[in-house]
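I'd like to ask some things about the structure below.
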Amino acid sequence: MREVAIVAAGMTRFGELWQTSLRDLFVDAATEALNAAGVDRLDAIFVGSMASGQFVGQEHIGPLCADHLGMAGVAAMRVESACASGGMALRAGFAEVASGLSDLVLVAGVEKMNDGADATAVLATAADQETEAYQGVTFPGLYAMIARAHMETYGTTEEELAAVAVKSHRHGALNPKAQFGRVVDLQSVMTSTLVADPLRLLHCSPVTDGAAAVLLCPLRDAKRFTDRPVKLIGSGVATGAMALADRADPAFLDAVQLSAERAYRMAAIGPGDVHVAEVHDCFSIAEICCIEALGLVERGHGRHAAPSGETALGGRVPVNTSGGLKAKGHPVGATGVAQVIEVFEQLRGEAGDRQVADARFGLTQNMGGSGASSVVHILERV
Amino acid sequence: MPSPRYWREIPGRYRLEAGRCHGCGKVVYPTRRICPACRGAEFEPVLLSRRGRVVTSTVLRVSPDDFVMESPYAMAIVETPERVRLMVQVTDCEPSTVQPGMEVTLEFRLIRKEGQSGILCYGHKAVPVVAADTARSR
Amino acid sequence: MSGIVGYGAYIPRNRITSEEIARQWGKDPRSIQRGLLLEEKSVPGIDEDTITISVAAGRDALARADVDPQRVGALYIGSESHPYAVKPSGTVVAEALGIGPEVHVADFEFACKAGTEAMFVALSLVDSGRVEYAMGIGADTSQGAPNDALEFSASGGGAAYLFGRDRVLVDVLETYSFTTDTPDFWRREGQFYPRHGGRFTGEPAYFKHVEAAARGILARSGLKPEDFRFAVFHMPNGKFPLAAGKALGFTNEQMKTGRVVTTMGNTYSGSSPTGLAAILDVAEPGDRILITSFGSGAGSDAFVLQATDLLPSRRELGATVRSMLDGPRRYLTYGEYAKYREKIILNH
């Protein structure tokens, strides 16, 4: 297997981008990545998208993306794993390069969520349709049940949940591409509208348009495209029971733990070596559960991390320096790639006001549904 | 929901018919081709008890379009004595009173309507035992 | 002799008081309570309909009978609020109860007497030997138009009766039906609310048919009002059954157990069958019971019943009507009621 590097990145601003279509979102992000590397040809494109068919009625977006990038003819395919589609696309692109099938691969994620579709209903298609969606559950509802189980098991409080959102907004306010550039205080999170008890509006990631793209090549070729490549040293994918009811402990994300174990083993590092992490905080409770499953904190201790500052910028292991899904925004299929871009910039020392000093190892974790699929990548500064 | 897809699930939805794995005894609801515990492929049908306990719960205040008239409504994961867990709505009560540990019965209810002219979809919902008549829970 | 081998009733847990409805329309609540003898009524939940009520009642009927549902050869549901205009309620109920597919199923409609019709046909099939067990159900979630007198009474609920020949809880001693064409109350296809002929629903409709059916069955059975411990007449409101019973020579004492309308409301096809269930919840072996239904359009079915020694022990296996009327309830505001009865128009 060849060593693989990320050599360039491109990303649209995240938000309600009324003027920009699905195809143009992709082209904007992809072009930025290609220009950064000075590249005008590709061997393959992998594009992650959860639900382009439901959001804008467009399936078959592999060729659409290649065509609009002016590269009809290039191998292109879509990867889907609900909100983990972007992370899974990176996994596919990584394997493509590592295996020697292709030398120059663009991995992108794109979602156009604000084009008139009922986002709640579309996202609910990532739940088990026969046993969950049939009964009327929504994603906020599923994560609310995870939150209540966590509160029941570990004594997690609403204030601790709210502290995660406060931290995300503080980070997001430093990110010019974030959907929300404002800070929020604990009080406003705790008094925001209830969506699914105990989760309130400010515990939930928003509905977002956006795209993100990274360029992969064999490490040995990386210097042709950049003087600061970042090495992809670990990739782990795992699945868990599809329906939340079928998990032994609804407060624990087994698939996240398993995907992390696989990535750590491949990278030959442990959670204690991670200097910066982007995790899938689609809801405040998700960040708490993810950092536990990733081993960044002990099981049951995730609730203390945000209030203590441990996971804030300047803390022991800064988590979601980009603002996370919560403040940066969550264009579902693009999220996994956008996470990688944040860590790519951190390891290259390009994160500006959000820079984590001297970060060598960074981790991204992206999950689908209520945690039935998870993908973890570990990146290292070269 | 297209009617063939609804019709196919009638035994599980109407009668809480589950499958007991011949290999390891695990009860699976709805029944499956392959046991998630032992990968056994032989099941015998069993009827779940129409009662259980709330494992975790929430109150949905923003609902999918088909459930707008019902919101806010409680949803819970309920574990039956067969150690099967179901995702169900909890009805006939103040939604905010539904909490982990609560004892419930499972009653046959209308789950959703397919728009103004589509089929009516039935199944089971939980009712807190304090509200239900205990004689109904066998 | 064939008879009732199992029975069950179901009344939704939501209530709205006459006072709350009266307040909405600027009416005097006391005049309603005095005039119609209605305190409150049950309101089906947004997830309840004739089918779900029938399943709940049918499950208790099977439990009390302790009969394998596969031996039930016929299932009839009488209602004027079948959820589908075309497609039977009975098929859903049969599948949910584990009955069939070797079963004869039909939905009946005859305004408020569709329930006793279903019972009559079920009984007759068992009598004839055509089937071993047959279930007849009366259930409704009827609508009364806003600011109509019916709004104070139209409620939800029902009862199921399983008929058989062995281990009978209640013998059926006699049946009688009386029917004429009398347009006192109707609902045309496609209309949401029923309409009625005002005071025409009384003397030429309700009283004529109920009294004729009761007199007819008394004559046929050779029994007098004093031979009965209990009597129940269809309950469109609190007042009509009392007046009819009194004209026939029955006392308030005989009628009070089955006259559940004051706190249940008029459950239409479920009305007299649920009143009967309340009586079976307390009747002693040997007690004779008269039930007379009424359906607009118009007709009445009457049954003379007698409790057997088995009734007291078997009834323990299901929920009593009183436990549902007096047990946990949720009182709704008119606004909640309007939402539950889908009187609010949503964007779809």
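Residue numbering begins at 1 within each chain, and the chains themselves are lettered A, B and C in the order written.
The rule is simple: contacts are C-beta pairs under 8 Å (C-beta built on N, C-alpha and C of every residue); 3 or more make two chains touch, one makes a residue touch a chain.
Predicted, not measured: the structure shown is a model, and the values here were computed from it.
Visitor: Which word fits the touch map of the chains here: line, ring, star, complete or other?
Guide: Here the contact pattern is a line, an open path with two ends.
Visitor: Pick the chain whose C-alpha centre of mass, unweighted, sits closest to the average of all protein C-alpha coordinates shown.
Guide: Of all chains shown, the one whose C-alpha centre lies nearest the global C-alpha mean is B.
Visitor: How many Å are there between the centre of chain B and the centre of chain C, using C-alpha atoms for each centre?
Guide: Roughly 29 Å, centre to centre.
Visitor: Any idea how many Å lie between the Cα centroids of chain A and chain C?
Guide: 58
Visitor: Could you put a whole-Å number on the gap between the CA centroids of chain A and chain B?
Guide: Between these chains, centre-to-centre, one finds 32 Å.
Visitor: Which positions in chain C are in touch with at least two other chains?
Guide: Residues of chain C never touch two or more of the other chains.
Visitor: What positions in chain B touch 2 or more of the other chains?
Guide: Where chain B meets two or more other chains at a single residue, that happens at 65, 70, 89, 111.
Visitor: Provide the residue numbers of chain B that touch chain C in the complex, in ascending order.
Guide: Going through chain B, the ones touching chain C are 10-11, 14-15, 65, 68-70, 89, 91-94, 107-111, 115-116, 120, 122, 125, 130-133, 135-136, 138.
Visitor: Show me the residue ranges of chain C that touch chain B in the complex, using the header's touch definition.
Guide: Per the touch definition, chain C meets chain B at residues 12-14, 45-49, 51-52, 55-56, 59-60, 63, 83-84, 92, 95-96, 98, 316-320, 323-324, 327-328, 330, 339, 342, 344, 346, 348.
Visitor: What does chain B use to touch chain A in their complex?
Guide: Residue positions touching the partner: 1, 9, 30, 36, 55-67, 70, 73, 75-77, 85-89, 96, 100, 111-112, 121, 123.
Visitor: Across the complex, what residues on chain A touch chain B?
Guide: 118, 120-121, 124, 130-138, 140-141, 144-149, 152, 193-199, 241, 243-246, 250-251
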